[in-house]
Every structure is written in structure tokens, then in C-alpha cells.
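Pasting the structures here.
Next, two complexes with subunit A in common: one pairs it with subunit B, the other with subunit C.
Right, the complex of A and B next:
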């Protein structure tokens, strides 16, 4: 009987003591968290995609309150959410520009290969072997590291063709841009419809030898563009989206068909305007 | 001194908690996907094991044995360890946000782990003195860290490799752990005369 009593006292006593000690400790060592962090975190999407440059939505919310990060860095937030966050922070509502990922290479399986690669099926691994198995050193390797990196399943691929970006799913978080060893993926404004799908910095003659769908620096699109939005840099056509009016003249002009319309809805509205 | 060194190295290599005693396999497989997080996990385990060893040693010799209630060992140890880790976590949160970030989420994860309870019960079973208990506790944690770091290194490599579909994920991890345990088996008899 005594044993039962002693064990009851000891176990109960320890439990009671620990309970009291923890209750006191939670008062004494309470850390005051800024309530704004929680409100902002609720307004954020909670996808933890890292598109804002912080590892998680919580870290971003914390930095907005304590570190002064801008509220428009989230790629998923719409204008309403950004406005709400700006309200909580007491800042003027920031503007947001939605972006989308675009792949600057359609070489895929047609690009000429330099050797047969049989190693780990990963772009990053393949690019370690003298820059990959394609003769064009700027091309998409097509093993889909970006497809795996995308937290929103916005990229899809078949075989070793260049991945296809889903306009509905892509949020422009930039995870695919960071993971691509060839820097083939760029973030362009979501509203843009003209996309130049060649990444090569080689001269026209070299491109002709290694790829059927590469830019040969013929300059025809640049001459055709009425807004002078296109320019040639490092044998590569560059587009200034602030000048581009999506007229589509360059698409028709390009002899290699590498200038693409990636925003078909814009095309529809253009046809109506004409 | 020699005695302490033997305890330290035998608990790291010969009687490694994960690879020889098969305790604490849950965090060993769960948190070993990335090198960085397994390092944090290892640090948390070293911390909790040392703390738990010391506190339960005092409980055993100043409470349970004098009142002849040694049969309460398991439940009392769990209670004390859980409360203590909670308490320490609160203190860390207040005192050092940097340490909180590094150990933070791993402390409560490891609290009720069998490896932690195992090290405490083994301390008592082996009749260790307080100093030996501390060394055994810290060594157990270091042994766990060594094992989980090796595992994380291998798994990071494996994640790039071509693993057959039926072996992907946990199956290949179990086989990796098994081969690691086999290789650690070579240390058996290392300190035997």
C-alpha cells in the first residue's frame, strides 16, 4: 500500500512540479511577436515557393515587418492581397507586375548532338560533361530539371524536347530560372506576347550548322519592327517589352520561325482590332 | 580518463545508437534528406541527450532509489525529459533567436525519441557515475550525428542517381542504412582486450 502511495506522490509530484514550472516559464520567457506578422502571413498564399527571395512565406512576412522588404515581391499575390499587406504595414500600395517563365530554346531533339550522353538524366549533371551533348552550347538540354523544380507543376515535357510552360499554372516564381544550368529560361512580363526563342550567342553560320531552329542574326525582324523594340546584342535578338506593341510583324518576318506568339489571347484581340 | 575515452569512442563507433542499437531510426530516416537539416538535427540530439542523461541521473539516484520506486523509471524519465526540453526551448526562444533558428523545430521532434530514453536507461543499467553519464550522453548524440550526416551525404547523391522505380524513396534508404550498419559492425571488438 505504501508503495502505491509513494509512487503516486512521486509521479504526481513530478508532473505537478513540471506543469507549474512550465506555466511560470511560459510567462517569464514569453517572446512578444509582432501581431502584424501573423496578419500578413495569412494574406500571403502560403505556397512557400521562394519566388520572393525568402525561404518561406513566414520568413517573408517577418522581413516585411522587421526588415522593410517591399510588399510587392510575392509572385502569387494579386493586387488585392498586396493592397491588404500594404495597409497593414502602413505603406502606400505598391504596384505589381506579373511575370511568366519562357524558354528561349526550341531546339529539342532536332539540335545536332556532339556525343551520346548516357549518364544521370539531369541537365545539371549533363552540363558537367563538356557542357552537355548538344553542339550548340546555349541550348536546352531537355532533361527537365526545371520541370522537377517547379513547385506549381507548370512545366511539362515529353522526351528531350524543350519543356512547355502552362500559362494557367506558371506564377513567375523563378525557381526554374535558378535551376537551369544553361540559363535558357527567362522571366518575361505576363502581358507580353512576343517571345524570341533562341538563346545562342553564336554567329549565323555556326548556328546554321548545329540547329534548324536557331537565330541566324539576319536582322530582318529588327528592320521590320515599327517601334524599334528589337535590337541585336551578342548575335542574339533582344526585345524591349516596354516598346513592343505585340503587332506580330516580326513573327511573320522571321525566316527561322523562332519568334513565337506565346499569348494567344492577345493574338485574338489583335485580329479584332485589325 | 582512459575509461571516459573508451566510453566516448565505443558509444560513437561500436555501440552507435542508430547503427548498432537501432534506436532513433525515425529521425534518422526522416530528416536525412538534406545535409544541412541533418546537421541541425544532430546538434539538437547531442544537446537533448546530454541534458536528459544528467537530469535523469539525478532523478534516479536522489528520488527513485531512496524511495524504492525504481519501477517508475520509464514513465518518470519520459515526463522529466519532455518537460525539461520544453523548458529549455522556451529559454532559448527568449535568450538566443539565432540558436532558436538552428535548433528550433528539431528540439520538440527529438524529445520523446527512443534513443534519448535509451541513453538514459543505459546510463543507469551500466552504473555510470555522473561524469561517465555526461560523456555517454554526449557521445551518443555525436554518434547519432555521425550516422545521420553520412546517411544524408549518401542520400543527396542517390537523389541524382538512377534508382529503379520500385526502390525509390524509403526502400533504397533502408538498404543504405543496412549497409552502413554492416560497415559499422567492423568496429565490434575494437576496444575489447
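Right, the complex of A and C next:
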């Protein structure tokens, strides 16, 4: 009985002392954290994708409160969440346009190869050797570095084909853009439906030799466009999404079928209705 | 790697030399080529200055362009006489489009007016002497020379043959030993060096004798022997091994570090000083299973690789893999139209590099690391390749740097000995590129492979 009592008293005493010490320490050494950071962090999605330019959601929240970062940089937040954050911060912010990743090449297996690559299956490693095994030096290499880099599993690929972007999952965080050694992936507005799927800066004759589907710079889409949203820069068709009305005339006009409708019509019309 | 395909899974720690194919055969001289292509860029962003236009006729040894930024730019010369038929971006062996001058030969090799540069006449003005070297197109480490005010305490000449199959250094010493020493003497005088070390392998005893007799009257030059060959990239390891200077593993350059000089540069200095000929010719070994007549050939700089392979009796249609350099460190080539560049030591052409239907090598299928530490034993730079490869694979680049990825000399021995067939060399190169975060590093890595 005495043993039990003694051990109880000793252990209880140690526990009590430690508790008191911790209580004092938590008061004395308390880190004053702005309560706003916690609220903002709760409003943020917590995916730590890095799309805002900060390494984690916490870092972004901290920077918003202390460093004055804009509250609209999160690619995942909807208008409601951004509104919540700007309420906490007391400054108004316009919601940024939602973006989506799009791949500017779909040559895949039709692109002519210049040699057999037997090294590490990684685009960045393959591009170290003569810029990859595709004869077209602007082509997607198809080893899927972007697929691995995507924190939302929005990209999928089969074989050496160019990856496919899932509209439901892609948030436009830009991690895939950063890892692509060929700069084939671009972020385009989510509302846009016209996407030009060729990255080549070569002239039409060269493109014909190296790829069955590449843009041959025939300018037909540019002539057809009623809003003059399309233009030719370095033998590459560029699109100004602020002018584009998604009429789809260029899609019909393109002889190589590289202008794609990436946004299903229903979604586009829904966006217009809203 | 052809000739390296494992018949048995276990291989020796050191690769076979295969030198017997070419070492005892006399070297040949290639005739006047139909066409030469002289690239004027080393990386895709090197500045260059083209001095000729399309349609102009040039003579052998005529200056046709400048490579690099003005204080350290080197002249490029026409290596044959003929007509310039194309000026513009053409494929370079390092895998990018370089500004080049293509010359269609007239089959005469008319020499331009040449005057030998005489170091004694130039006198004490060192900058003028090195300017003359640059005019002659001799590749030297000019950045280091200009940085140190043309004073280098010691020179290091690595004459060991690290690459299997390649024996061009051996041949160069055997045939032109006197000239090499002559070039080295001029260079010693030019950078007021107190010593110059020529490193040869212990088993190349005939070379030691040739060099000893050639350097009898030059007390500054010492011949040292080492047991195993060192790659060109491992100059600081060699320095350490021979205790030439206090060298540590850091990337910074110390004032006492020796300058490593290439054998072909020494020969070019000799030719420039006594014959007045600029750097237009070099010795390369052509070997490999795709070559009928493996041999050493004196080839003009800028000759397309296809001509060299044809000269040695290889049939291009049967070739599976061609690398500029040896089988371990060489740069794989995608096209045989690319020209031979300065300082390339050899051309390795193999018949087959077998792939299965998934385009994966049947013999070199990667399996998990079994931590046997063979790569650690083989590494001349004393790093732990398997650990670093693990970090690079998992994108822990900070750790990879801490474990010494930049000490890697890219010799490829780790990849050669790996029983799990892990492409360690490729992973190291990838890791370096990811750490530096620049595309142009590719070309620089490959240049280092050639000992640039």
C-alpha cells in the first residue's frame, strides 16, 4: 500500500511540476501569431500546390498579413473564399481569371524521331541529348515529367503521346509549366475554348518534314477570324483571348486540325449564362 | 555500350581498354574532304563573328570567324580551300544548331599566306603572344590566363588514355613527341611556368622513354606515371594525386592550381610557331564494332563524321550508336552530318544497341539499387554515386549538392560497374542541370566531357 502511495505521490508531483512549468513557459515564450493568419489559412484550400508563388498555404497566408501579398493569388480559391480573405485583410481584391493548363503539341507518336533514346524516361533528361529524340525541336517529348509534377493528378498520358489535361482537376497552378523543358505547356484562361496545339517556330516546309500534324503557317485561320484575335508571330499562331469570341470558324478552317476546341460548348454557354 | 554487353553479369571493376585494335597500327592521313563545316559556337548563346559570306572562295588556313567574347575569343580557320556554300545555323555535335560556315572543297588545299609566329620576336609582351595564339585558333584556358595576368606556376598535361578504344594520345606522343615538347616549351616560356608535368600511365613505358629523351634538355618538364588513367575532366583529382598544389574539392579556383593543357593544343602551338599553320588538323581514333579498319587518322577539323567513318571502312547503315569521344564519356550523335570539333579525341561507332519493342534496352534494364557500393569503390572523385542518384531521383537537390554532385567528373565508371544497370551518369548530369537551372549547361557539360 505504501509503495503505491509513494509512487503516486512522486509521479503526481512530477506531473504537477511539469504542468506548471509548461503553463508558465507557454505564457512567457508565447509567439504572438496574428489571429488573421489562422482564419485566412482556413479559407485557403490547404493543397500546398505552390501556384500562388509561395511554398505553402501557410506561407502565403503569413505573407498576405505581414508582407502585403495580394489576396487573389490563390489559383484554387473561388470568389467566396477570396471575398472572405479580403474581408479579413480589409482590402478589396478582384478575383483573378481562372486558368487551365493546355498542351501546345499533340504530335505524339506521329512526330518523326531522329534517333532511339534509351536513357532515363524523363523529359528533362532526354532533352539533354540533342534536345530529345523528336526531329521537331519544339515537340512534346512525352515522358510525362509534367504528369509527375502535377499535385492534383490532372494530367494523364499513355505511351509517348502528349498528356491530356483533365478540366475537372486542373487548377492552373503552373507546376507542369515549370518542369517542361520544351515549354510546350501554357496556361490559358479557363473560359477560353479555342486552343492552338502547335508550338513550332519553324517554317511550313520544315514542319511538314518533321511532323504530320504541325502548323504549316498557312495563315488561313488568321484571314478567317472575324475578330482578328489571331496573329502570326515567329511562324506560330498566337491568340489574343481578350478578343476571341469562341465562334469556332478557325477550327473549321484549319487544314491540319491543330486548332482545338478544348472547352465543351455546354460549359462555355453556362459560363456565359452565369 | 558495344563490346560492353555483358556475357556474364559480373564484370571487372575497371573497363577493358581495347587499345590493341588501334595502338600498334600506323596512323593514316585522310585525303581532302568534299566539304568541311566549321562551327563558330560552343553553346547556343556563345557570341560569334562570321568574316566570310556565301559564295566567297577561301584558302586553307584563312580566318573565317571569331568564336566567343572579345577578350577570350578564338579564331576559326578554313581547314580546306574552296567556296563557302552556306553560312548559318547547322547541326553541332553537342546537339544544337550552331552558327557555322560550310565550305565546299575545290580539292586543291591552297595554303593561305602563312607566317610563323616567333615568340622571340614578339618579345616580353605576353598579351600579344596570347593574342597570336588566339589568332591561330589554339584552344587554351584563356579565361584563366587573362584572369591571372598570363602567369601560371605549373602546367599539367594529361596523356593518360581514360577511354576504352581510344589511343590517339598514345599515337600523338609516339609520332610527334618532339613537336609536343617543342609546343610545351613555348607555352612554358609564354606563361612563365616553373614546372610542367606530363602524366602518362605506368603501362605505357614506351611513351615514357620517348618523352624522357625528348625532354632531356628541358629541366622544367617532368614525366610522372600513374597507375590508372584519369579522364580529362578530372584535372583537379590528378593535381591532388601528384600533390602539385593544395587543391580542395571546392569549385573556386586557387592561384596555385596548375593549368591543364590538351595535347592537341601543344601540337597546334608548335605548328603555329614553327610552320605558321593554324589549328586545322587533329588526330582522332576511329574504332568500335561498326568500323572495319579501326585506326588513328589525321583529320581536318570540321570534316563531317560520315566521311571519317567511311574512311575507316564503316558502313553507316549498320551503325547503331556513334559517339564523339569514347564509349564511356562520349557524346552520342543523332546525325553523321555533324562536323568534327577541336579537341575531340576519337569517334566510337558501334553496330547495335539493342532495344526491345518498348524502346527500352534489353540488356540495360534498370533494376533497384542493391547497395553493393561498387560505384563507390569505382568513383575516382570519392563521392557516393548511388546516394546522390537517389536524391536526384526524388528531387532532393539540396541534399544531392551537399553530398558532392558537383565533384562528379562524369567519367561514367559508376554506370559501367553498376550490376543493377542504373544510369548513374545520366542521373548525375540531370541533377547538375536541375541544380543550375539553365538549359545552356547541357552544352557546357558536354564540352567538359571533351576536356574543354
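Side notes on the structure shown:
Keep in mind that, in the parts below, the second predicted complex is superposed on the first by the 241 of 274 C-alpha atoms of A that agree within 3 Å, B and C clash if a C-alpha of one lies under 4 Å from a C-alpha of the other, contacts with A are read in each partner's own complex, and residues count from 1 in each chain.
Methods note: a residue touches a chain if its C-beta (ideal position, glycine included) is under 8 Å from a C-beta of that chain, and two chains touch if they have at least 3 such contacts.
Just so it is clear, the model here is predicted, and its values are computed rather than measured.
Of the two partner chains placed around the shared chain by superposition, subunit B is the only one that A:11 touches, whereas subunit C remains out of contact. Of the two partner chains, subunit B is the only one touched by A:3; subunit C is not.
By the document's definition of touching, both partners, subunit B and subunit C, reach A:120.
Touch criterion not met for A:204: it reaches neither subunit B nor subunit C.
When the two complexes are overlaid on their common chain A, residue A:21 makes contact with subunit B while staying clear of subunit C. In the superposed pair of complexes, A:181 makes contact with subunit C only, with no contact to subunit B. In the overlay built on the shared chain, the residue A:45 is in contact with neither subunit B nor subunit C.
In the superposition on chain A, the residues of subunit A contacted by subunit B and by subunit C overlap at 120, 122, 125.
The touching residues of subunit B, when paired with subunit A in their complex, are 63-64, 67-69, 71-72, 75-76, 79-80, 83, 86-87, 90-91, 93-94, 160-162.
By the touch rule above, subunit A contacts subunit C in their complex via residues 114-120, 122, 124-125, 127-131, 133, 181. Subunit A meets subunit B in the complex at residues 3, 6-7, 10-11, 14-15, 18-19, 21-22, 25-26, 29-31, 120-122, 125.
Within the complex formed with subunit A, the residues of subunit C that make contact are 95-96, 332, 334-335, 353, 355, 359-361, 364, 423, 426-427, 429-430, 433-434, 439, 442, 445.
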